[in-house]
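Below are two complexes that have chain A in common, paired first with chain B and then with chain C.
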Partner chain A sequence: MVLELQKPRPVWQIMFSTHHTDVGYLYTVTSLAFLFMAGVLAMVIRTHLFFPGEGVLISDSVTFNRIFTVHGSTMLFLFALPFAAGIGNYLVPIMVRYKDMAYPKLNAVAFWMVPVGGALVWLGFSDTTWVAYAPYSIIRAPGPAADMWIFGMKILGISSILSSINFIVTILRCKHPDLPLRRVPLFAWSMLTVSLMTVVAMPTFAAALVMMLTDRLGVSGFFNPAMGGDPIAYLHLFWFTFHPEVYIFLLPAIGMMYEIIPRFSRKPLFSQGSGVFAFVMLGLIGFASWGHHMFSTGMDFTTKTVFMIGTLAAVPASGMHVFNFLATMWGGRIRFDAPMKFMVGGIALFFSAGAGGVLNTAMPLDFITHGTYWVVGHMHLFLTGTIAFGFVGMMYYIFPLFTGRMYSEKWASIQFILMMWGTVQVFFTQHILGLEGMARRVYDYPTDFTSWTQLNQIATVGAWILGASFVIFLAQLIYYSSKGKEANMDDPFKLGGKYYYPYQAKTPHHTGY
Partner chain B sequence: MSHSEHEAPIHRTSPRRMGKMLAIIIGIQIVGGLLFFSHYDFWNSYLPIAGKLQEQGAITGGAAQGQATGKTVNVSLKFIESPDFKTYAFNALSGQDRNPEIHANVGDKIIFDVTNSGKSFHAFAVTDSKEGPGPAIEGTTVGTADNPMKPGAKGQATFVPAKAGEYYYICAVPGHREMGMEGKIEVSEASSAGATSGATVTPTGNKVEFSLSFVMSTDFKEYAFNALPGQPGHNPDIKVKSGDTVTIHIKNDSKSFHSFGVVTDPDNPTNVLWNSAFKSPDNPMKPGESGDVTFVAGAPGTYHYICTVPGHATMGMDAKFIVE
Partner chain C sequence: MGHDTSEWVFVAIVIAILIYVGVDSWDIEKLLEDVPADAETIKVTGQQWFWSFEHADGTKEISTLHLKKGHAYKFEIYAKDVMHSFNIPDWVVFQDAVPGRVNHAWFSPDQTGEFPIQCREYCGLLHYNMRGSLVVEDSKS
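Showing the complex of A and B:
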């Protein structure tokens, strides 16, 4: 699959290789497979909500809960994280000019934990929701599904810690001596930032998972109110990991924008230093805002104020990124090929999602929006609008490197239009639904509220459009990777610059045996 | 470094290899799907152990239903709303009938006949929490917030209080309780048990003194205070007034270890009232040891002064401590 300069290798040799391009390729393909699987679940959920009161597709609320739980867990842990790790594996060693990742075998181990964790999550099909709040998850969520979910998350957490350690060491210790750290390309910087964040944030969740498991076994009562535990403690542990995790999902997408925007603007990056600074700032500020997920749990006013300011502090750093992109594009000879289209669309939606986030962190508004579809809309606007746009754009950009072939610019443009349209239609509508008071995670809603029905149906049509765009994406990936035009490997996008050429490929595989 | 430096031709992805990859992915998905659907009921088959323990009552969270031993109280309640949907209540929007207060004793069976006479969705529940929509005591709900009673729906719920205190019957739909759908249930101790609340009171300053000694028969089968059963002065009743400062001179005249305390329930010697414990089962009085304990007698009622070493009270070291 991976571009092979010498004779093609057997598939098993790619699968058991420890070379960074092979592992990166495996990561990418696995994460895309999970993306489409979780996407099917999303389509089922939205189609179900198109017909209130009829139980179309999903016949009971527990199944509904199971579906959105697995949809959420998959999109976050089996798509967003592995995809970033995949592209990172592919590009970071090239960017820091090293022959491979620092620990190739560790790299392969980290990858092979992903399918195992994925299998546990998908086989159990737990109904805890992806946040698995106590006390439901400890006294009521049926086993073995919830236990499998806990172990799956545990394995995926360890996998992301291992790959983070690998990225940190590769970037800090193995970069070429001629390359000062501040000159390391910003995508590698984004991977460095998120890796450091993962190493700090993830152990908290790992601890919470162990506590949850022993609580489920009835031997401890950390989060079990009947045994004197505190469910709010779980929220603190969970969000201490998962607010930083929001930035861990986001920053690689921003890094990909830094990779693509200057090339397609055919102009040097406006400011490397401000990009580095903004990454580091976001990496720090990400840890100062977890409490904003819990404003309605009875926090005192001072704590809420601190977390509100901590959240707002992410705005300047995010703004620095956006201005950096705009200043890079300003006056450039921009080529709107597919990757650039997705990146520009991603910036626009990043701005909208960020604006919604700022409103959300204002305490008074948070009490209105908490637990409603507003939150669903906000979170998905970030994840689809910014992160998935960045990832899809990057996928098109890196497509020639993976396959040696070109995708179809026409179909990519159609996908872009549908994806942009669908994203706006689903998730903007969900914001309005939330303000009208519709709770999130509901299986059904009364037909008497005609505006709920109308807005849900608008959102569902949007979701179908979004789904169609991803069907086009999948069809393209399959068709053009085997039938596409052969790419000019020196400059497949005719940008007049250098494409990543895997110069290490002369000895492309030191297979792990 | 550019591509022209490599002599070997570029091998690009072929349909065959793409097919192999798809076959691997789809194959894994099919195998996984077969595993999942063939064991569909297995994946969600049991409650976590913590949940099972809770159901068996090993862990009790909040209030629970008790044993029905007393009379039956029938209550009929209607959910009603003002025409502008701003005021919610049971039975009447204002006046005496609004949210009627229910009085019952522990062990009484309260049967609620609930009707949704409003135009909106409601759910009935009894809770001991002073605010918010729950948690409901198990078995006292008619409908839930997720699956509420529709207008006109009727239902019945039974509540048997296990402990005295204040309970509330509410609408469990979030927000409705705050808008007025909340009524009080005052549960007091059943009269036969006497009013032994065990509450502490402020001392009145009146001081009284008693002397007690632990005695045992030579065969270690009979335990008592002051004198063995059948002899004069066996297990004397101690009568004090509520608020009295009581001093007891205790002597261990037996050959075993003992400790002293005043309790409500002699079967539960760990719950010693009013700091009246002298020594403890872990660190008891040795034979021949003596000492004083001083405490303030609490709320009126009939209590027991016992030996708090487990088992000794049932063997006879159990006498009345009456607070007037």
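Showing the complex of A and C:
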């Protein structure tokens, strides 16, 4: 099952396979392709905002609105979710010692919905923003684009529900009888938590999408005030799915840190129990905080207080993860190979993003930061700083397993430095820009305030640095997958001991066509 | 200190900070939501893509709002078509304008000058250009 490229198989054999490593491979490659596509859009957005004035790079605001909509939708649904599912497909069956996922065909079906949904989102190129607030998305969003976005999201949502059911059954029902649930590795625990969360949260969004579609067709008026509906109802349905979804994006990255940090610290994990506890807590409390996205919609004081408490309650559990990582590294013989570098960088940025989150949910401060570039900086610090750092580190960790070859440690270090530098420069700057009052999702900004122009230019240069780091990443993946040195598959990172266990899965391929 | 103890101490410190943040913001928010009784009501209507204002005496203004220093003002915020968000960043006035609903915000300017007004919720084509300005004048003049 390893050394995919050393024993080449025709591509259709991988495509129509239902084996968990093949599906995992497809998921990972697809999500990385979407990462680079959406990354190009991000570069276009930032470059456009380098100078104030209309038509700097993008000639009209509709195109700009479409670009940031597709950038957001792609990064979240076509990169973050499928990447976690891909790595989960690779590692979860191995971790629970089962020959495959519980439902291999369902697994392949769930994967093949991703490119279909992706094609709808990209061909439609909607301008509703990724949150698609009613009533804009109902009465004003142009033509088939928004409908294609709705159908694309629908398909991606179903795909993630199917893969979640698969993970839940694999972990709970198919794990080896000798392996008690509490001893299941923490990456599998993170996949179990997010799968349960998806099954609870996602149907709400699916319902909201159907209501939005019928509203757009004019046969209903759930969210259309002209027909007696209420736009705020859409916001509640949307954020009931998408605040938990924040944790669904985040927890697999945390699970990957649990996978890598103890190995590269060459020391056992500080506490399995507190990791499991923190996952379960985040999984539960994630559902108690959606209202903090809506403080300014006219919510009353009591409701705001309840949601503020619900949001703050999630922080101790996140803190337990950070503590667990640091305590694991404490006194370890740490090897700073590429995977470890990215994980440690990810912890640092996770901490800063979390601190910003506490300020966001404090009610009076929310009225300063909400809807400004502060929020853009904050959520990108999570998505790039924690999730993408975790995913890139995991990609380097699993690279020998995918290809049987090693990446270049030198170029990985350069990528790490550029990525850390770029992330800090763009997203910390955007926090300040938000405090200066610049609204998000704007095509142009006035020249009245010189600080806006300067901060935007600092952020844009940071984005170029971040972009350069991803160009290096892409070049690494392509070049070293065929030209890299052959990896020692028992211990590719020279950590001592044969615990690079992904290699232990030696079940033969079965193809399902 | 044992391993578990150190983790509990860490969690306790985090919870203490959170309680401080929570209680303090509860306290301040309560203060902020207390609208003075003599506040003058101003109707604010957002539509694609400009703001219009109606003073208590019926005077209407578009895009530019003239107010007096030292008075308290209460905004009644309406939206005609899609969601907008009424925002005067310098005075931390920020409330969504939701069609079919009325939202409130208040402030009391204690400084004269011209301040930008903007829309902070995406509302389509010219969202970036849905700007206005607030002119605070001396109440004596």
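The rule is simple: the second predicted complex is superposed on the first by the 496 of 513 C-alpha atoms of A that agree within 3 Å, B and C clash if a C-alpha of one lies under 4 Å from a C-alpha of the other, contacts with A are read in each partner's own complex, and residues count from 1 in each chain.
We adopt the following convention: contacts are C-beta pairs under 8 Å (C-beta built on N, C-alpha and C of every residue); 3 or more make two chains touch, one makes a residue touch a chain.
None of the values given here were measured: they were computed from a predicted structure.
Visitor: Looking at the combined model built on chain A, do chain B and chain C fit side by side or clash?
Guide: clash
Visitor: Would you check which partner chain A:404 touches, where first means chain B only, second means chain C only, and both and neither mean what they say?
Guide: first
Visitor: Considering only the touch criterion stated at the top, classify A:140 as touching first (chain B), second (chain C), both, or neither.
Guide: Both partners.
Visitor: Please indicate which partner A:302 is in contact with in the superposed arrangement: first for chain B, second for chain C, both, or neither.
Guide: In the superposed model, A:302 contacts neither chain B nor chain C.
Visitor: Of the two partner chains, chain B (first) and chain C (second), which one does A:61 touch, if any: first, second, both, or neither?
Guide: So A:61 meets both chain B and chain C here.
Visitor: Quick one: is A:450 in contact with chain B, with chain C, with both, or with neither? Answer first, second, both or neither.
Guide: In the superposition, A:450 contacts neither chain B nor chain C.
Visitor: Given the touch rule stated above, what does A:225 touch, chain B (first), chain C (second), both, or neither?
Guide: In the superposed model, A:225 contacts both chain B and chain C.
Visitor: Under the stated touch criterion, which partner chain does A:11 make contact with: chain B (first), chain C (second), both, or neither?
Guide: A:11 contacts chain B only, not chain C.
Visitor: In the superposed model, identify the part of chain B that clashes with chain C, out of 167-175, 275-283 or 311-319.
Guide: 167-175
Visitor: Residues on chain A in contact with chain B in one complex and with chain C in the other?
Guide: In chain A, residues 61-62, 127, 139-140, 225-226, 446 are touched by chain B and also by chain C.
Visitor: For the complex, give me every residue of chain B touching chain A.
Guide: Answer in residue numbers: 1-4, 6, 8-15, 17-22, 24-25, 28-29, 32, 35-36, 42-54, 59-62, 121, 146.
Visitor: How about chain A: which of its residues touch chain C in the complex?
Guide: Interface residues on the chain A side: 61-62, 65, 127, 129, 133-136, 139-140, 225-226, 229-232, 270-271, 274, 296-298, 301, 304-305, 308-309, 312, 315-316, 319-320, 323-324, 327, 358-359, 362-365, 367-368, 370-372, 436-437, 439-446, 448.
Visitor: Where on chain A does chain B make contact in their complex?
Guide: So the residues of chain A in touch with chain B come to 1, 3-8, 11, 29, 33, 37, 61-62, 66, 115, 119, 122-125, 127, 138-148, 215-218, 221, 224-227, 402-405, 446, 478, 481-483, 486, 489-490, 498, 501, 503, 505-506.
Visitor: Residue numbers of chain C touching chain A in their complex, please.
Guide: 3-4, 6-7, 10-11, 14-15, 17-18, 21-22, 24-26, 28-30, 32-33, 48, 81-83, 85, 87, 89-90, 92, 94-96, 98-104, 116, 118-129, 131
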